[in-house]
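Next come the structures, one after another.
Same chain, two partners: chain A is paired with chain B first, then with chain C.
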Partner chain A sequence: MQREGSPWRGLSVVYFRELFDHLTSVRMLVLQFLVVLLGGAVVYFAAEQIRNTTAEDPFLFLRLFAPPGQSLLSFVLVLSILVPILAIGLGFDAINGEYNRRTMSRILAQPIYRDALLFGKFLAGLSTIAIALVTLWLLVIGFGLLRLGVPPSGEEIGRLFIFLLVTIAYAGIWLALAVTFSVFFRSTATAALVALGLWLFLALLWPALAQMLGEVISPSDIRFAQLGLPTPDTLAWQQGLSRVSPGTLYGEAVVAMLNPDAQSMTTLLAQFQGRIGAPLPLDQSIMQAWPQMVSLIAGTILLYVIGYVAFQRQEVRA
Partner chain B sequence: MSDNVIEAQGLTKRYGGIAAVDGVSFTVGRGEIFGLLGPNGAGKTTTILMMLGLTEVTAGSVSVLGHDPAREPLQVKRVVGYLPDSVGFYDHMTARDNLRYTAALIGIEPADRDKRIAAALDRVGLPDVGEKKVGAFSRGMRQRLGLAEILMKDVSIAILDEPTSGLDPHATHELLETIRSLKHDGVAVLLSSHLLERVQSVCDRVALFNAGRIALLGTVPELARQVLGGGYNVEVEADGEGLGVLFSDIPGVKAVDQAGPSRYRLLADRDVRAQAAAAVVNGGGALRRLSVEEPSLEAIYSRYFDNQALQQQATSQVNNHAA
Partner chain C sequence: MRLFAALLSLVLLAAMPAVPAGAQDNSGVKGLFLLTDYPAVTVRPGTTTTINLRLRNYALPPERFTLTVGGVPQGWTVTVLGGGQPAGAAMVATNDSTTLQLRLDVPANAAMGTQNLTVSAKGQSTELSLPVAVTLAKDLPAKLALEPELPSLRGTAKSNFEYQLKIKNDSGRNLVVALAAQAPQNFETSFTEQYGSQELSSLPVEAGQSKTVKLKVRPPSTIGASRYPVSVKASAEDASADATVALEISGQPRLSMAGRDGVLSARAEAGKEASIPIVVTNTGTAAADEIELTSSAPSGWKISFEPKTIDRIAPGANKEVQALVTPPDKAIAGDYAPTFNAAARGETASTQFRVAVGVSTVWGAIGIGIIAIALLIMVGAVARFGRR
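On to the complex of A and B.
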C-alpha cells in the first residue's frame, strides 16, 4: 500500500523546534558545562606535559588530544565517557516525553507522518551534540595554538577532523539507542535508567567479560602460552566480542587516527616480522580505522530502524 | 457525493482477539453536531483514532470527506481538527509559540500565522494570555487553547474527545458555546462524552455506544420514543370533572396518572401542553399549572441499560432452565 504525500513533510519544523529546545535547555547547559570543564582540565595538563618534553615529535598537536604513554586521563577518554551521557541525556525522553505531556496525539493529528517527528528529533539531537563537539574541538585547537605555539600540520588537521567525525558517529549510536528506548519504554525514567545501565555494562563490565567469554569459547593453546604469546583464535574471539561495545570501536578508531605509530593487531604482526618503523601515513590510518567507523554508523542506523519500526506500529493512545 | 462528511461502514478494531469497536456504522452531515456517547471503554476514542488514521482499521471502512484515513492520512488531517482527551501542550513554551509550532506543521503561511493565531485566541476568550507559558494554564484554559488550535486550522470537521470532562460548569458552558459557533460556521462537529446532560443540549444527533457497538442512533426525541416509549412528562394541575378521560383522548398521550385530587401526569410521545390546556378549558375546568419535562438522555441511557440487563437475566434464566 502506497502512502500519499512526502514522509519528510514537517521535518524541518520539528527539527528546528527540537534544536532550539535542546540549545536553550538547562539539561544541555549542564552537560556542556561538564564537558568543557573536564575537557579543559585534561587538555591543560596535556599541554603542560608537552611543554616539558623536548624530544622532537612530528605529531605534537595530536598529543594534546591523546597523550602518549599511560596518561591517567586524556581528552579522548573524557569524550568517550561524556559523549554517551550527553547523547542519552538528549534522547531518552524523545518519544515517551511526548506521550507523557499528552502532546503526541495532538501533534500526530497534524498533516505530518510519524517519520518526520522521529527523524526530526533524532537529527536535532545529533546536531546539538555536533555543535557542542565542534565548538569544543575548535576551543582545544585554539588553546593548543596559544599554549604550544606550534601550528598543526596539514596531516594533523586531517586526522583531527576525522577524529571529530568519528566522535559524532559515536554520539549517533548512543543517541539512536536512547531514542529507541524512548519508543519502547513509556516511562522516561525507565528509558534513561535502562540506557545508562546498558552504557555502564558495556563500558565497565563488557571488556572483562569479553576476555573471559573468548577464553571459554576458544581456550588458549598451551604452546602459545609457553612462548608468552596470546593464542590467535582466542584473541580473535576476545576482540570480536569486545567490539560489541561501541566504546571499544570508538577507542580503536581514535587510536588509529590520533596515534599514527600505534601498535594495533596488524602492526603487532608486522612487529614480529621486524617491520616496525615509521608511523602510518594518513590514508593507511583511515584504512585501519575504516571497519570501526563503518560499524559505528551501521550500528546507529540499525538501532534507529528498530526504533522507527516500533514507533510506526505503536498505538497512539496511552 | 452526498452531504455527508464522515461515512463509517462496519468499522471494526480488534486488539488481539478482543473487539474494541465492533461493526460500527454511522454518518455525519455537513455542519452537524454529532455525539458519540457511552461509558468509558465503549470504543469511542478508538473510533475517533480510526477516523484520523492514527490507528489501523481491522475491518470495515471509513471515509472522511471522500478520503480514506489509512491511505491518505495527510489529506484527512488537513481538513480535520482534533482535540484529544485531556489535551497537552509544551509547558515551557508560551501559548502563542505552541500554536505557532502547530501552524508551521499544518503549513500555514508565515505571513498569515500570527493573524490567524490572534483571531483564534480571541475567539476562545484567551486574548491576553498568548505570551504566558502554558505550564501555568488551568485545565479549562488548555481545553480552550486546543479549540483555538482547531479554529486556527480552519477545518471542515472538528473531532473533540471528551471536551467537557473535568471542567467547571462555567467553563463547560463557554466550551459548548464555542462548539455551537463552530456549527454556525458550517463545521461538522463530532464529540464524544460520557456526560450526557451537557452533550444533549448541543448535539443534533447522538450515537450511544455500548461495548464496541452502537446501541442507539438518532436524535434525542427519536431515541426517547424508541426506548422510553414516549418521553414527555406533562404535569397538569387543574380542577374539573372527568379530566382524566379527556386527557387520555388527546392524540399522542400514552398514559394518564392521577397523582392527587387535582394533579395529573401525562406520558406522551410529544409535547401535548397546548392540547391538555384546551381539554381543561373546554371541559369547563380551571387550569392552575402546566409543565413539561423533556426526555433526558440520562433517562434514555439508564433505561436502555436496565433493559439490556433485564434481557440478559432473562436469557440466562432461560438457558439455565434449558440446562
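On to the complex of A and C.
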C-alpha cells in the first residue's frame, strides 16, 4: 500500500524523544565520561609535550590533536577507537529494541511513518554523538588555549572544523551500520556483537589482511624490493583494499587535515616526484582528503538506505 | 795561392811568440806599489768616505812600511785602516798584497774645491807615495726612473690586472722609494713584491740598482667597457718618477632572471599547462647575444619556453619570455621547485621558481556527484518502499 502525504511526518517527535532518551541514559553518560576522560588525558600529555619540545610551529594548535613524532596515544587515535564504540552503543538496539519491548506496533499505530521512525532514530543518534564531539572539541580547544596560551589561526580553526565534520561523518557510518544491523537481527545482543565484531575485524585485522591480499594480487617486484622501496602496483592495491575499512579512510582524512606538512600516505610518492616539504594550503588539503570524506558520507547514506529498505519490507506484528 | 800561404805562415810566425811575450810582461813587473782603484774621488762635506788602498809586492822580499798621510786640510780627520783598525804601518809578503782603507771624515763646513792628499809608505829601501785628489762637491741629485714592462693590459671587469714596474735608482745614494698609484674611483690598487704577496708602500733601492715591483689593479665589477688610465708615482727624498699604465676593460654581459615584478612563485594545476612570465635582464656592460633558455625540473614535468631563444639583450635592458610549465597528470599537490636557466655565450643565470601544484577541482565535483547519487538512491528507496 502506497503512502499518502509527507514521509517526514512525526520525524520531529521521534527525533526529540530519542535524543532525550539518549542524553539521559546511563549508557550515554558512561560513554561520554569515557571519551572526555581519555581525550582529556591524552590532550594533557600532548600539551605537556608541546610545551617542552616544540620551539616554533605555524600549526601549534593542530599538534594538540596530532602530536608531532610517533606518539602512541594521540587524541585522534583515541577518537578513532571510541567513536565507533559510541556509535554502535547508540545504534545497536534502535529497531530490535522496540520489538523486544513490544512497543513497535504501538509507535506505528501513531500517525508516524516507518521512514520517520528510522530516520528520526538515526538522526537522534548522530545528533547525540555530534553534541558529545562538539563538546569535546570545544573542551580541547579551550584547554589548549589555557595550557599553550596561543590562539589558533584562522586556517587552524578551519582545519579543526573540517576535522570535526569528518569525525561526525565517521561516527555516522558506524551508526548507520549499527542501525542496519538492528533492523536485520531481532536479538539486540546479536546485533551488538556482529557490529562490534565487524568493527574489530575492520579496525584490527583488515589492515594486515589488506597488506597480504595486495601482495597476493600484485606481487611486489624484486627490483623495487632491492632498493628498499614498495612496488607501486602492490602499494596501490594494498591502499585500495585497506580503504574498505572506514577507520583507514578516517585516518587518511584526518592526517590530511591535521598535518598540513602533508606527512600523509603520499609522502613517499611525493618524494619521488620532487615535491618540496612545504605545508599545503587548506583548499589543497581538502582536495587531498576529499575522496575519503566522500567515501565516508556516501557510505553512511548507502548503509542507511540498505537498513531502510530492509525495515520497510519487514512485517511488524504486535 | 803561394803568396797567400806565405802570408799566412808569416802571420802565424809573428803571432806565436807574441803570447808568451805577453805573459812574461805580466810577471816581469817587479817592485812595490801603493795602489787604489779611484785616485780621484768626489765627496760630500759632512760625510765619511772610505777609499780602498792596496799595497802590492811583486817579487821583492817582505818589507815594513810606515804609513803616513800628507796634505790633510784643517779640520779633516784622515785615518789609515788595516783590518778595520787604525794602522800605522803595513807589511806585505812577496807576490802578495795588503788591503788598507783610507777613511776621510770631512767636516760639514769644509770649503768646496779639490784637496790633494798624499798617502806615503816609507820602507827601509823604498818610499812609495800615492796622491789622492779629493773633490768636495754637493752631492748629485737623486734620480729615479719608473718603467712599466707592459703598460697596457686588457681584460674584463672581473679580471685582475698586474703590471710589472721597474724602479731604477740612477742617483749615487741608496734611496727609499715610496710608491703611490692613482686610479679612477672605486678601483683598488696595491703594490706587491715581484714574487710575493706582501703589499708594499715603499721599498729601498740601492744606488745604481733597479727593482721590480708588481702593481695590482682590481676594477669594480660593475665598470663599463672603456680604457682607464692609472698613474703611478715613485718618489724618494727630492726625486720622483711617473708612469702611466692603462686598463682596457672589455664589456661583459651579465644575466639575471626573475619573474615579472620579481615574483618567484607560480601556481599550476596537475596535467595542465601554466604560463609563467620570466624576465631576463642584462645587468652587464655588453650586449648578450643568443640567450638560450633551459630548465631542470622534477621528472615528468614538461617545460618549454616561448620564445626558446632570445636574440639579443642590450646592456641594461630586459626581455620577457613565457615559461610553459606542465606538471605531470599524477602530480601530488604541493610545492615544487623547477629551475630555469638562461645561457648566453659564457654567461649564465638561473633562478628557482616555487610552483604550487594544485589538484583539479573536477574530482571535487565528482565527489559531490557521488554523494548526490547516494542521496538519489535514498530518495528513490523512500519513494519506492514508503508504506503506511
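Criterion: the second predicted complex is superposed on the first by the 311 of 318 C-alpha atoms of A that agree within 3 Å, B and C clash if a C-alpha of one lies under 4 Å from a C-alpha of the other, contacts with A are read in each partner's own complex, and residues count from 1 in each chain.
By definition in this document, contacts are C-beta pairs under 8 Å (C-beta built on N, C-alpha and C of every residue); 3 or more make two chains touch, one makes a residue touch a chain.
The model shown is predicted, which means the values in this text are computed figures rather than measured ones.
Once chain A of one complex is fitted onto chain A of the other, the partner contacts of A:Val309 are limited to chain C, with no touch recorded for chain B.
Contacts of A:Ile297 after superposition: chain C is touched, whereas chain B is not reached. Residue contacts after overlaying the shared chain place A:Arg101 against chain B, while chain C stays out of touching range. With both structures placed on the common chain, the touch criterion links A:Val13 to chain B but leaves chain C unconnected.
More residues of chain A lie in contact with C than with the other chain of the pair chain B and chain C. When the two complexes are overlaid on their common chain A, residue A:Gly228 makes contact with neither chain B nor chain C. Of the two partner chains placed by the overlay, only chain C lies in contact with A:Asp115; chain B stays clear of it. Of the residues of chain A, those at positions 1-4, 113 touch chain B in one of the two structures and chain C in the other. Those residues of chain C whose C-beta lies close enough to touch chain A in the complex are 297-300, 328, 331-337, 354, 356-359, 361, 363-364, 367-368, 370-371, 373-375, 377-378, 381-382, 385-388. Taken in their complex, chain A has these residues touching chain C: 1-4, 7, 113-115, 262, 266, 269-270, 273-276, 278, 280-281, 283-284, 287-288, 290-291, 293-294, 297-298, 301-302, 304-305, 308-309, 312-313. In the complex of the two chains, the chain A residues touching chain B come out as 1-5, 9-10, 13-14, 17, 101-103, 105-113, 315-317.
Residue ranges of chain B in contact with chain A, taken from their complex: 45-46, 49, 52, 54-55, 70-75, 77-78, 80-84, 86-91, 101-102, 104-107, 146, 149.
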